[in-house]
Amino acid sequence: MKLQLLLLSLLILMFCVPVGAQEDSAMVDSLAVDSLAALPVPAPVTDIGLSDLPNDHGHAVVVEWTPSTDDGSGLANVVGYQINYGLSKDGPLDSVGFVPSASGSYEHVGSKDENDRTYIPDHTDLYYRVDVKTVDGRLLVSAEVAGPVQSSGQWYNTGRTAVLIAVALFSFLTIFYVQQAKAGKELYIRPIGGIEAVDDAIGRATEMGRPILYVLGLGTAADVATIASFTILGRVAKRVAEYQTPIMVPTYDPIVMTVAQEVVKSSYMDAGRPDDYDEDSVHFVTQSQFAYVAAVNGMMLRERPATCVYMGKFFAESLLLAETGSVAGSIQISGTDEIAQIPFFIVACDYTLIGEELYAASAYLGREPKLLGSLKAQDWGKGLFVVLSIIGIILANFGVESFGALFEVAD
Amino acid sequence: MEFGQYLGLTFAIFVTLAILSFLYKDNPFYRFAEHLVVGVSAGYFVIILWFQGLDDKLFGPLADGDWYFAYLNSSNAEYMIPAILGCLMWTRFSKNYSWVSRWPMAMYIGISAGLAIPLEMSNRVNKQLAAMMVDIKWDQFLGGADMLWLLDINSGLSQVLVLVGTMLAIIYFFFSKAHTGVFGKAATGGIWVLMIGFGASFGFTVMARISLFINRIQDTADWGKTAFDAAETANPNYHSGFQVVFWALVVFVIGYVVWEIMKTLKEPKATAQ
Amino acid sequence: MKRQAPFALVFIFGIFMVIQFFVPHETSENAYEFLLDWIIIIGIFALALGIWSLFKVSTEKIKNRKEASEYSYITLIGLFVMMAFGFTQRTGESWGLYFIWILLCCACIVALMTMRASVDQGKKRMWAIGALVTLVGAIVVAIFDDAWQFYFTDPQGFENTMFRAFFDYVMMPILATMFALLAFFIASAAYRAFRARNVMASLLLLAALLVMSRFNPYLPFAEYVAKASNWLMNVPNLAAQRAIVVGIGLGIVGTALKVILGIERGYMGKG
Amino acid sequence: MQAFEKLMMLDRRWIFLLLIVVCVFTYVFDFSIPILTEPETEAIYNFVDSLPPGDIVFIAIDYDPNNMAELHPMTYAVVEHCWRKELKIIFTSLSQNGPGMVDQALRDLSDSLAQDRTYNGVEFKGREIVRGVDYTFLGYKPYYAIVILGMGQNFRLPFSNDYYGTPLDSIPMMQGVFNYDQCAGVIDLSGGNITDAWISYGQGRFGFPLFLGLTGVMTAQYYPYLGSGQVKGIMGGLLGAAQYEELADNPGRAKDGMRIQLSAHLVIILFIVMGNIGFFASKRRLSKEGGA
């Protein structure tokens, strides 16, 4: 008798379970099937709403529905919903995802690659059905197939408006102050210790007749910190060329090497000493972090540079470099935007540019008014940040969350 | 363990000691290890970039083209553009045409600078701004009962301190205003916050760095144990061989250290660090 | 043309990338991915310049008889041997003449380097002949030895026993030990710098001391020391980090803007 | 007074020497120091300890050789504990050099499990660890965030085969195991950003109990997640690993290392104190001379 009931239930189940849901049927254990007839059937979901997922590249659809009336209340025997989709209303639908009970929406995000099995075509009619899964593991196929809906990509991401405004405002401020500076308006900039020290350090190297070591860090030319470091290198190299002090620039990345060669060469030309430029002063070492450090450390102890400058991106090697530099008796000036490494530079170097000061340094060293103009814009940015956060905190504590939401950015 | 593997491990121990000898001073062993690793790692990255970079990004997309059409019949013929730009970098080998290499360099920098502007604005400014606007937990302002009130990182007081600390530290970074008066006091407060933060993160890192050295000690000790414990080895006949290698390395290293110390003692006064 | 074209390119590509951030459409996304591929590909092509620079600087050092210049041979032998391992793999069980081939390659490199480094014309010629002979030898061995072969498109070289051995027994231990040197340098840096010279230095010192004693079980109030160090990391350190992050963010955006708009040209040597 | 100035200007090689000597001595002389266990680590231990035999634990080995020193001991302690409790494990490695780490740990731990051992007074018989029965190693796939999301749907989406090329459907322990729902919890051992993805994409979307093993430097940054309940337990650095070994009564490299840690820290603190004594003494002398 039991066996017959089992077979019967399996037969019913086979009709119930559509293509693509076989893996779920494996989970149905005999006990649950035994009591199949006993458990009442929950109500299906209603009001399936379909829409294209906003602010994306397409290939995605949002499915929303009103949960079954037996979800959490009524019979309370729903464990979740299975979402199925297909290209035609009558054709077979594939299972694409499962969400637990009490949820009423699902983001069906597919691949944009046609050969991928999760590919969803754009600008094509798509149909969806939401099935109910019960406590005993049954899947109840809903009669309602919703559709059609078409997915498509958008040309503007509304979730990123806050960034757009911030970038536009900041660009305006920068251009405005650069123009003001060009027009000859005096801008006050407070002194920064590390930057003032660069000139003295070059002078010291000249007096001692020892070279200057300039380390651009482990960044590639794609890091803005490295780009900022190039401009500082340009100023240092010009000064170095005037004093006729040798400079050594070991690099970690071949592109960084070529750009740095270009920078140093032009600086020598500007200083009127193109013949003194030695291309090998800027050279490639290796692309392995600690092998690079091993080489630079060896160089420090052999050449004994009077001054070491570290500007750019640094990681765990920061302290290895700075301590060896201090063994070699060099004056050391450092600057990085890697927050985790700033403490080590502060501890081991004579002067350290903390974070943003690195980006200010290139403008300082040049003393060109138009470059200083952008520092003023940065200060405005920080001022706005403080003011807006104070307003935001006050509002948030009075229950106004919408102000903070204005600044949130979608991924 | 195979004997060849043991020899490899012995070499590994030797270069470990060679690098550690750098702590004393620059010496031939360190120079050997340093120059060796520069070459080997550069070669290693050539291979990695060849197979994982070029193969994936260039040869892969162009695979369905033919070389005698310069791959222009490939379905991804546009990938010839970066290849040509890459070749333009090679004009640096020539003196007269090296200015051409500035073009790919300019594109490279343009792409990265353009990429950074909205991304950094979003991640570092907008998101931090949104994170600042917190609803302070007034109901548990002094923190949970199981901790000293000050030490609860989820208390309202800690939240307030974070907010105030952040603002003070931002004030320190103002460039266009002299650090005098109230503003100067705030900036001093800011640098104090920065210093406490730096001190704490320095202290936390000490444990991680010492762990690295402990790991090296443990590895070296395991190697020594293998030399004296033939049970682990595939062929017990290697036993004496292991020990010969072990003692050879030990004698070699001790010999060098003694020689170096003798030399330093002979020279009257040279090194001052 | 020579001077202005690069800055025009920086501007065009920069502005495109800024706009791209706000356009989620597939077209813009594909362009973005394509451009990122450019960066990678250009970078790999530039590696040839890097290797050439390494070779040139090494031979220059030998030529000028700089301190420790003889070690440059080790660098270049290591470089080319590793590359040779990475592109080859044995086909069967036996290695055949593989190691003779490697030795010939090494000899060729040494001869080439010495040739470049020697000043005397006669010696130069002699070493050139040596390099040529070893090169021909290596080619002959490579052609007639079937025990191993080259793989340029298929990463068989990763499986090469010698490649793995050099990675495991040469590269990894040196790099790991280099990293481990930090244990000592962090100690000496702490000793040198943590002096209570003024308020700032004292704060740095106290915070570090507190955190460093957090797992000492013999300390009274050991539990609270651990909690206090967590608090330090999550309150003052978080505040410091956030302030720095905001500053860096604005600094990066400001610098990148100056670069794109051509206000800052120092990175091409025109400051 | 000269002595104090010498104390201040001490050649750093004395520090190096003392540090090496102290570290090697504490390593050679075997003594153990008490390890204070913290509730963050106890949470992980209790979680594993309370599971009935046959349950599945998901362990992500997301670190590479650089962070091995701190995270490898955690792997050994946790996996050994799981297998002694006869739990089944699904491994992944979302860091590029991670599979090598898993390989090594599996080899060593299979050897260790073959022996009879006694932990916390309970005797465990040695047994053979069988691939496909006691564990499944899914391997490495790039773009970790997408992999973590994909595994929330079905492990078969990102990994149709395991690391050794066996289809997941033909692996005995993977029968009826589709996604995180069939796992008792996820333990992520990581030395980088992958942890953030596990918190926001993994735990945030799929709501499984998440436990972290982190490097010492990262640990403090993740405490706020403990407060908010997104993370149930954290092991931090060698200290965390040692605490787990202490709880599991299975002393290994971490507990071994902690006594070296302690002595090394004491040496560093000693030198800092000495430097400050020298500094203040010489300052007082200078001010006296200046006054005279």
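Every chain is named by a letter (A, B, C and D) in the order it is written, and numbering of its residues begins at 1.
Quick note on the criterion: contacts are C-beta pairs under 8 Å (C-beta built on N, C-alpha and C of every residue); 3 or more make two chains touch, one makes a residue touch a chain.
All values derive from a computational prediction rather than experimental measurement.
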Neighbouring chains shared between subunit C and subunit D, ordered by label: A, B
Chain nearest the global centroid, as defined over all protein CA atoms shown: B
Mean-CA-position distance for subunit B and subunit A (Å): 19
Distance between the centres, which are taken as Cα means, of subunit C and subunit A, whole angstrom: 22
Centre distance in Å when subunit B and subunit C are each reduced to the mean of their C-alpha atoms: 10
Multi-chain contact residues (two or more partners), subunit D: 12, 16, 20, 217, 220, 223-224, 239, 261, 264-265, 268
Residue numbers of subunit C (touch at least two other chains): 18, 21-22, 39, 42-43, 46-51, 54, 68, 171-172, 174-176, 178-179, 181-184, 186, 188, 190, 192, 194, 204-205, 209, 212, 215, 229-230, 233-234, 237, 241, 244-248, 250, 252-253, 255-257, 259, 267-268
Of all residues in subunit B, the ones touching two or more other chains: 19, 22-23, 31, 33-35, 37-42, 44-45, 89, 92, 102, 105, 108-109, 111-113, 115-118, 120-122, 125, 128, 132, 153, 163, 167, 170, 173, 194, 198-202, 204-207, 210, 212-213, 215, 273
Residue ranges of subunit A in contact with subunit B within the complex: 160, 162-164, 166-167, 170, 187-190, 192, 221-224, 227, 255, 258-259, 261-262, 285-288, 290-292, 294-295, 297-298, 301-302, 327, 329, 340, 342-344, 346-347, 354-357, 360, 375-376, 378-379, 381-383, 385-386, 388-390, 392-393, 395-397, 401, 403-405, 407-409
Residues of subunit B that touch subunit A when the two form their complex: 19, 22, 25-26, 30-31, 33-35, 37-42, 44-45, 89, 92, 101-102, 105, 108-109, 111-113, 115-118, 120-122, 125-130, 132-136, 138, 163, 167, 170-171, 173-179, 194, 198-199, 201-202, 205, 273
Footprint of subunit D on subunit A - complex, ascending: 23, 26-27, 97-98, 118, 327, 340
Contact set on subunit D toward subunit C in their complex: 10, 12, 15-16, 19-20, 33-36, 38, 65-66, 220-221, 223-224, 239, 258, 261-262, 264-269, 271-272, 274-276, 279-280
Touching residues (chain side subunit A, partner subunit C) in the complex: 55-59, 112, 122, 153-157, 160, 163-164, 167, 170-171, 174-175, 178, 220, 222, 224-225, 227-228, 230-232, 234-235, 238, 253-255, 257-259, 262-267, 269-270, 280, 283-291, 293-294, 298, 302, 316, 319-320, 322-324, 326, 337, 339, 342, 344, 346-348, 354-356, 358-360, 362, 366, 368, 370-371, 374-375, 377-378, 381-382, 385
